Structures are given as structure tokens and as C-alpha cells.
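One chain, subunit A, appears in both complexes that follow, with subunit B as partner in the first and subunit C in the second.
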Partner chain A sequence: MLLDIQGLSVRYGRIAAVRDASVNVAEGEVVAVLGANGAGKSSLLKAAIGLVTPNSGHILFAGSDATRWSTAQRLANGLVLVPEGRRIVMSLTVEENLLMGAYARRDLEAVRKEIGVIYERFPNLGERRHMLASVLSGGELQMLAIGRGALARPRLMMLDEPSLGLSPRLVQELFRHLVEINRTGLALLLVEQNTRKALGIASRAYVMELGRVVMSGTPGELLADDRLEAAYLGTGAKA
Partner chain B sequence: MFGQQVVNGLMLGSVYALVAVAFTFTIGILNFLNFSIPGIFMVTGMATWAMLKAGVALPIVVVLGLALGAALSFLVERFIFRASTHSDHYVPLVGSMAFLILFENLVLIRWGSDLQRLELPFADTSMRIAGLVIGIPQVIGLLLAVGAVWALAAIMRRTRLGRGLRTIAENPETATLLGVRVGRVVPTVFIIGGVFTALAGLLFAVNYQQVSPFMGEEVALKGISAMVIGGMGNIWGAILGGLVIGVVETAAITWFGARAVDIGVYGLLLLILFFRPTGLLGGHAGERA
Partner chain C sequence: MTGYLEGVFVLLAINIILAYGAFLPMAAGQLNLGVAGFVAMGAYIAAYLSNEYAWTPLAAALAASIATAAIAFVVAFPILRTRGIYLALATFALGQVVQATILNLNVVGGASGYPVSTFLGGGMVGAVALAVVIVVIALFHTRLGISLTAVSDDEIAADMMGLSVRWLQTVAFTLGSAVAALGGALYAHHFSFVEAQNFGIMASLYIVLYVLLGGTQTVWGPILGAAVFTLLPELLRGSASWRYVIFACLIIAVMVFRPQGVVTTGMLRRLLDVCRPRALPQGGK
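Up next is the complex of A and B:
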């Protein structure tokens, strides 16, 4: 397994956001994490990238115990998070945001080349490269966030609700792009509210409810199970 | 003569400008009003006097002075800022004031409260350009101040460190997410602030040839005013504000006498705040170049 999260728990004071959750992703795989608002999906990803400290459990990455690694160390080893709400730095230009994605890298030649590829793929970003990121539209910001994540040269990209706030046409384009980058060998761990879209590209999925993983399986298995809808709507289908 | 007042005012203003840059840089990036800055200014001024009196050569004094400023500022980061990462923002503010008082009292114990005079043979060398008398040490001081800000602006605008600092200024958690080791970068902010402050202390000592354990306090007020006049967090604004205050102060002395100085300077501050609450170059974050 590339990423192996074992028995993870995350608490914020008295709130238990994640309880004994185990999630794994193999090399090159696309895995979805589904669940209603507040189910603990973002907390799971934040713990995986080291933004929050788990109360118990282990995070193994590429065979090493990464539980105590700093975020910078996780990035250097090939794990990246494209966070909820994109977190683009609005006082930096488009290009500077991309360069921030490559913050830990020293091979600037290659970075420049990869930025050029992103501009070719998303000409809107290329045209606005020297403008502040705040001029971009929602769809462009999301593509910038994914491009920035890719510039860390990850082996696994975790994405937290990338389709949030995008028009159906842009969601379409986003998922097409995710499939494209997955074909380059990049594994994806995709948190989504857009269940159908996510199951459309994932080979496996987990369903979270109130901090626990209550179901997992292939898209076919999950779609055949009416507990999926219950969990997604947050109406407590107890596993 | 007006031109001469402007020249003298710019020289004085460069000291305020450097202090203002130190203040505005820490505020712009860390949202922290660091009151130890005037203390570091004073300690460097006093150390300059003590070293010159002991016969240390000026270039060595400059290097040691800058290193001292950087080291003291680093100390403040370790003891105050780092320790109060999770406290309310006024906790490091009060902590840095404690450092100011500590520095003042340590200097008082060591050297007493007297005003100390520096003997510098080159201090009065000057040149004449278009009828204006321009002191050479003052010109060097002004050039150094502008050059240091230019260098800082270039670092902020063009380097990886600058991008990291601007990201921290906008959101430290986003910076962490992108792989910036925030805990290791923050000390650089203090070290840069310390170097600017020390440069101001050195320039003041050499140009005005007198230092005292209380020299930090007036410069603190003028430096903070310069920062506000220029626009909080804006390093070019800090330079502009410092030079404006220097010119207003010198002009007020000449035309209305020494008593008018503070009315002129702080009256101007209030006027600017009234008409342009965000300052002359008003923006945010330390990166605006």
C-alpha cells in the first residue's frame, strides 16, 4: 500500500471528528471517501498531511511510519493535499502560487517546464500568470490548486471536495482532468460530496459517518447498497 | 533655505525609516508589534559608542553592531514569540515591552544614565552641491537605508524565501500545507528586523555623535508614526513615512523652533490618518514593493 491509515482518531477538544478510521490507497489507484457534512472527511485528510495531530492510530506512507513526520517531510516523500476551499494565496500571482507548490524542490529547470505544461493545459492560467490569483474564477482557482499540488511531484494527491462550487460543465472538466493526471501514474484519494462523479472514476470507496468508516467496497458494491444513500444524507444507517 | 532643510530632513528621516521598516516588516508578516525594536536600537547605539571608545575600527564596529542586533532580535523570538505562539496577540506585545525595559536597565547598570558623546574625526566631512551642504556620513546613511530596503523588497518579491514569507503573512496554515517550515522561517523575520534596527542605531550614533540609554523611546514613537503614515506592513511606505517625518521635523525646528517639532510631526500623523486611514501607500502584508 502507498498510503495506509490505520485506526486513526482525531479529536478537537471534546469533539471526536475521526474515530478509529482505516483507509488505504495502492500505488496509482483512485480511491474515494464519501460522507455527509461533518462526517470527518476533511479531518482525515488533514491528519494524513500533518495539519492536525491524531490522538491515536498510524499513518504509513510508502512503507514508512509517517505518523510523526512534519507536513514538509510528507510533501518531500510524495504526499500532497489539495485542500478544501483551495487555499490559494490571493496576494501572490498565479505563477507565484504555482512556485509555492514546488517550494521544497531544487530542480528549478524541471519546475519551469512543468509550469509551462500547466499553462498549455489551462491557457487561462497562462494568460494571467503575472496577475494576482484573486482575479481568477472559481474553476480557474481549482485548476490552479491542482496544478500547485502536482508541482510538489506527488505519488499520491489527496483532494478535498474539489468540485465544490463549480458549475456542472466545470465539474465535468475537473473529473476529466483528474482521470488524465491519474493516467500519469499519480494515485488519488478523493473526498467528494458528488457521489456519482467520484464513484465514476474510483476503483474503491469508503463511506464515513460521524467519524467512522461505515462502508467500503467497489463502486458497484456501494451503489447496490441502500445504506450509501442513508449515510450520504446523514440519516444514520448504522453499520 | 528650503533645499537645505530637505537635505537635512532626509538624513534624519533615514534613521526613522529603518526603524519603521523593522516595525512594519514584523507586523506585515507576523501581525506582531515588536516593542523590543527600540531597545535593540538603543543597545546597538550604546555598543557602537563603547566599541569606538575602546578603539575598535569602524568597519568592525559596523559588522559587530549588525550581528548584535540580529542576535538580540533572535533572542526575543526564542523567548517571547515562540513561547507565546498560542496566546492572544497582546501577550507577545507585552513580552516584547518587557525586553525593551530589560535592555534599558541592563545598559543603565553597565554604563549609567549619562548622555555619551562619540569622537569621530570624519563625522563633519561634507561636500557642497548646488549650494547645499551635504554631510558625507549622512549621505552614506541615507544610501544605506534606501539600499537596505531595496534589497529587502527584492528578497520579498523575487526569492523563494520572499514567497514563503508572503504566504505566511496571508495564512500560516496554508504556508505549512505547502511545505514551508514556518517555525524555521519566523526567526529570519526577527533577524532581518534586528539588522534593520541595528543599522538605524549605528547610523544614529555616527551621525549625531551622541547616545543614551533612553534614545530608543523617541525613535520608537517616530518609527511607529512613520510606519502608520506610510501604510502598515508596507516597507516602501515605511521609508516614505520616515523621510517625511524627518523633513517635517527639520523644517519645524528651523521655522517654528524646537517646541513645534512634535506638534508638526504628530499633527501630520493625525491629518494623514484622518484623510488616508490606510497610510500614504496603504496596503497590507510586507511584500508590497
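Up next is the complex of A and C:
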């Protein structure tokens, strides 16, 4: 397993956000984590990247115990988070934001080349490379956030609600792009409210409810199960 | 140059240096309300080295700046554990501690002030100010500049991309204190007299205001802020006692209508866009 989260619990004061959750992702795999608001999906990802400290449980990455690693160490080992709300630095230019993703890298030649590839794939970003990120639209910001994450040269990219606030057409394009980057060998761990889209590209999925993993399986198995809809209280699973 | 004009010019040069002393930590998202304490350290250490060991003014200023940086680096660890308003209060208290310590240090004259035996001309003060401006601008064109902007804009995003937020803030605080101390040392050697009363909270507030008024987002903000604060009261001299009222109203107006300061990143980009002929392809949609 590339990422192996075992029995993870995260508490904020007296509130348990994640309870004894176990989630794993194999090399090159696309795994989705589904569930309603407040199910603990974001906290799971934040613990995985080291932004919050788990109260118990283990995080193994590529066979090493990463539970006590700093965020920088996790990045250096190939784990990256594309956060909820994208968190692009608005007072930096598009290109400076991309360079932030390559913060720990020293092979600037290769970084330049990879940035060029991103501009080719998303010409809107290329045209605005020297403009402040605040001029970008929601869809462009999301692509910038993914590009920034990719520049860290990860083996596993975790994405927290990437489709949030995007139009159906942009969601379509986003998922097409996710499939593309997965084909390059990059594993994805995708937290999504858009269940159908997420299950459309994932090979396995977990369903979380009140901090616990309540179901897991292949998209086919989950879609056939009534409990998936129950976990959302009828919010997202409908056609 | 007349004596009056030279006086204003030297004050402007020193104020620009002091503004950068406050700007560096502010660019990393920290308000240093004790910046005058570091100015005082620089002034007194440099003055002491000149008086007691006959160092030349520039050597003394440089040594004082380095010594103050070392002190700032050490106090940064407890101080930068606090955030927001608590950080402002902690730095404020630090400034008070420095001032009170100097008032009780009889070896540098205590409350009666400390005369400085060697003199540094206005030209030299201006040259050092120019050097500080160039160094800070160059610094902000490196990775450090991008990193500090990222830290002040979105600490969590910076953390998530593997930037060591605490280290960057410590570096900014230390560098800022070194620059502030340099300004203090120049002040001491040009005006030939320092007293602790000059380095209180009012001095810190003024220096922080230069930066807030000019703008914290770009390296040009502090220059503009320091220039306005130094020159405007002089220009308003004609209106005698009302000048401070007019001046204060202008400050309030800027803070209300342009809270991010006069010079912003967006404004600079637009200016550059206007000046530069359009070379970028516009199509491709």
C-alpha cells in the first residue's frame, strides 16, 4: 500500500471528528472518500498531510511510519494535499503560486519544463502567468491548485472537494483532467460531495458518517447499497 | 543644500530605514510594536562602541546591527509563539523593557541621555539608506519574498506546501530588527545624542504607521509611507498648529478608504501593464 491509514482518530477538544478510521490507497489507484458535511473527510486528509495531529492511529506512507512526520517531510516523500477552497495565494502571481508547489525542489530546470506543460494544458493560466491569481475564475483557480500540487512531484495527490463551486461543465473538465493525471501513474485520494462523478473515476471508495468509515467497496457495490444514500441523508446520491 | 533641507533629507533617509525594519516582519504577517526598542538597541550599542572603543561610525553601526539581530533572534522564539493581538502586545512589552533597561543603565547615561563623540554626515546616511532599499528590494525578488507573501496571505496554505512558517517569521523578525538597529545607529551618529525617551511606544507606532499607510504588500509601500510622514508635516508647516490635525485626518482617510495602504500589488501590476507595450498574446480562448 502507498498510503495506509490505520485506526485514525482526530479530536478537536471534546469533539471527535474522525473515529477509528482506516483507509488505504495503492500505488496508481484512484480512491474516493464520500459522506455528508461534517462526516470527518476533511479532517482525515488534514491528518494525513500533517496539518492536524491525530489522537491515535497510524499513518504509513510507502512502508514508513509517517505519523510523526512534518508536512514538509510528507511532501518530500510524495504526499500532497490540494485543499478545500483551493487556498491559492491571491497576492502572488499565477506563476509564483505554481513555484510555491515546487518549494522544496532544487531541479529548477525540470520545474520550468513542468510549468510549461501546465500552461500548454491550461492556456488560460499561461496567458495570465504574470498576473495576480485573484484575476482567475473558480475553475482556473482549481486547475492552478492542482498544478501547484503536481509540481511537488507527488506519488499520491489528495484532493478535498475539488468540484465545489464549479459549474457542471467545469466539473466535467476537472474530472477529465483527474483521469489524465492518474494515467501518468499518480494515485488520487478524492474527497467529494459529487458522489456520482467520484465513483465514476474511482476504483474503490469509502463512505464516512459521523467520523467513522461505515462502508467501503467498489463503485458497483456501493451504488447497489441503500446505505450510501442513507449516509448522505438524501443529499447527494440521487441522480 | 541648506541646513534645513539637509536635516529633512537625513530624517527621510533614517525613517525609510526604520520603515523597512517594521516592514519585514509585517510582510510575514507580524505586527512589531516594539520596533523602537530595536532602534534603541542599535543606537546605544553603536554609540557605546564609538565612545568607548573609538570605532568608526559605520563599523559601529554594522556591529550594532548584527548584535541586535542576535538578540532579536533569541527573543523571537518566545515572542513569536504568540499570535495576532497577543503578538502585538508581547512586542509592545518588549519595547518597554528595552526602554526601561536603558533608563536604568548609567553606563550609557541613563535618563539624562548619551552623547555620541563621532559624527556621520548626511551623505553617508543617505547612501546607507539607499543600500538598505536596494538590498530589501533584491531580497523580495528571491524565493524569500514569495515565501513571506505566502505566509502573510495564507499561513495554512504556506504550511501545507511545506514552507516552514515559524522559521520564515523568525527570519523576517530578525532581519527587520537588524535593519531597525542600523537606522538607530545612523540616527545616533548623525544627531550626536540619544535618549531613551525617544524610543518609546510613540516611536514604534509612527514607524508601523509609515508601513501601514504606504502599504504592506510591496517593497515600495514603506518608502512612500516614510516620505509622506516625513515631508507632509514639513509642507504643512505654514498652517502652524493645525498641521497635526490635518495630518491626522489624512491618516484616518487613508485607513478608511484604502486599508491595504496606498501602494498595493495590484496597483503596481496595473501601472506596469500601462507602461509596457502589450507583448502577450491575447487570444486563445
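One rule holds for everything that comes next: the second predicted complex is superposed on the first by the 233 of 239 C-alpha atoms of A that agree within 3 Å, B and C clash if a C-alpha of one lies under 4 Å from a C-alpha of the other, contacts with A are read in each partner's own complex, and residues count from 1 in each chain.
Here is the rule we go by: contacts are C-beta pairs under 8 Å (C-beta built on N, C-alpha and C of every residue); 3 or more make two chains touch, one makes a residue touch a chain.
Given the structure is predicted, the values throughout are model-derived calculations rather than measurements.
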Fit-or-clash call for subunit B and subunit C when the two complexes are aligned on subunit A: clash
First, second, both or neither for A:Pro123, with subunit B first and subunit C second: second
Touched partner set for A:Val179, first subunit B, second subunit C, both or neither: neither
A:Pro83 touches, of subunit B and subunit C: first, second, both or neither? both
Subunit B versus subunit C as contact partner of A:Ala224, first or second or both or neither: neither
Subunit A: partner with more touched residues, subunit B or subunit C: C
Contacts of A:Leu51 with subunit B and subunit C, given as first, second, both or neither: both
Touched partner set for A:Leu132, first subunit B, second subunit C, both or neither: second
Which superposed partner A:Glu96 touches (first subunit B, second subunit C, both, neither): both
Where subunit A meets both subunit C and subunit B, residue numbers: 49, 51, 71-72, 75-76, 81, 83, 87, 89-92, 96, 99-101, 103-104, 148, 152
Interface residues, subunit C side, partner subunit A - complex: 143, 146-147, 149-150, 153-154, 156-164, 217, 265-266, 269, 280-282, 284-285
Complex contacts: residues of subunit B adjacent to subunit A: 160, 163-164, 166-167, 169-171, 173-174, 176-181, 284-285, 287
Partner subunit C, residues of subunit A touching it in the complex: 49, 51, 71-72, 75-76, 81, 83, 87-92, 96, 99-101, 103-104, 123-124, 127, 130-132, 134, 148, 152
Partner subunit B, residues of subunit A touching it in the complex: 49, 51, 70-72, 75-76, 81, 83, 87, 89-92, 96, 99-101, 103-104, 148, 152
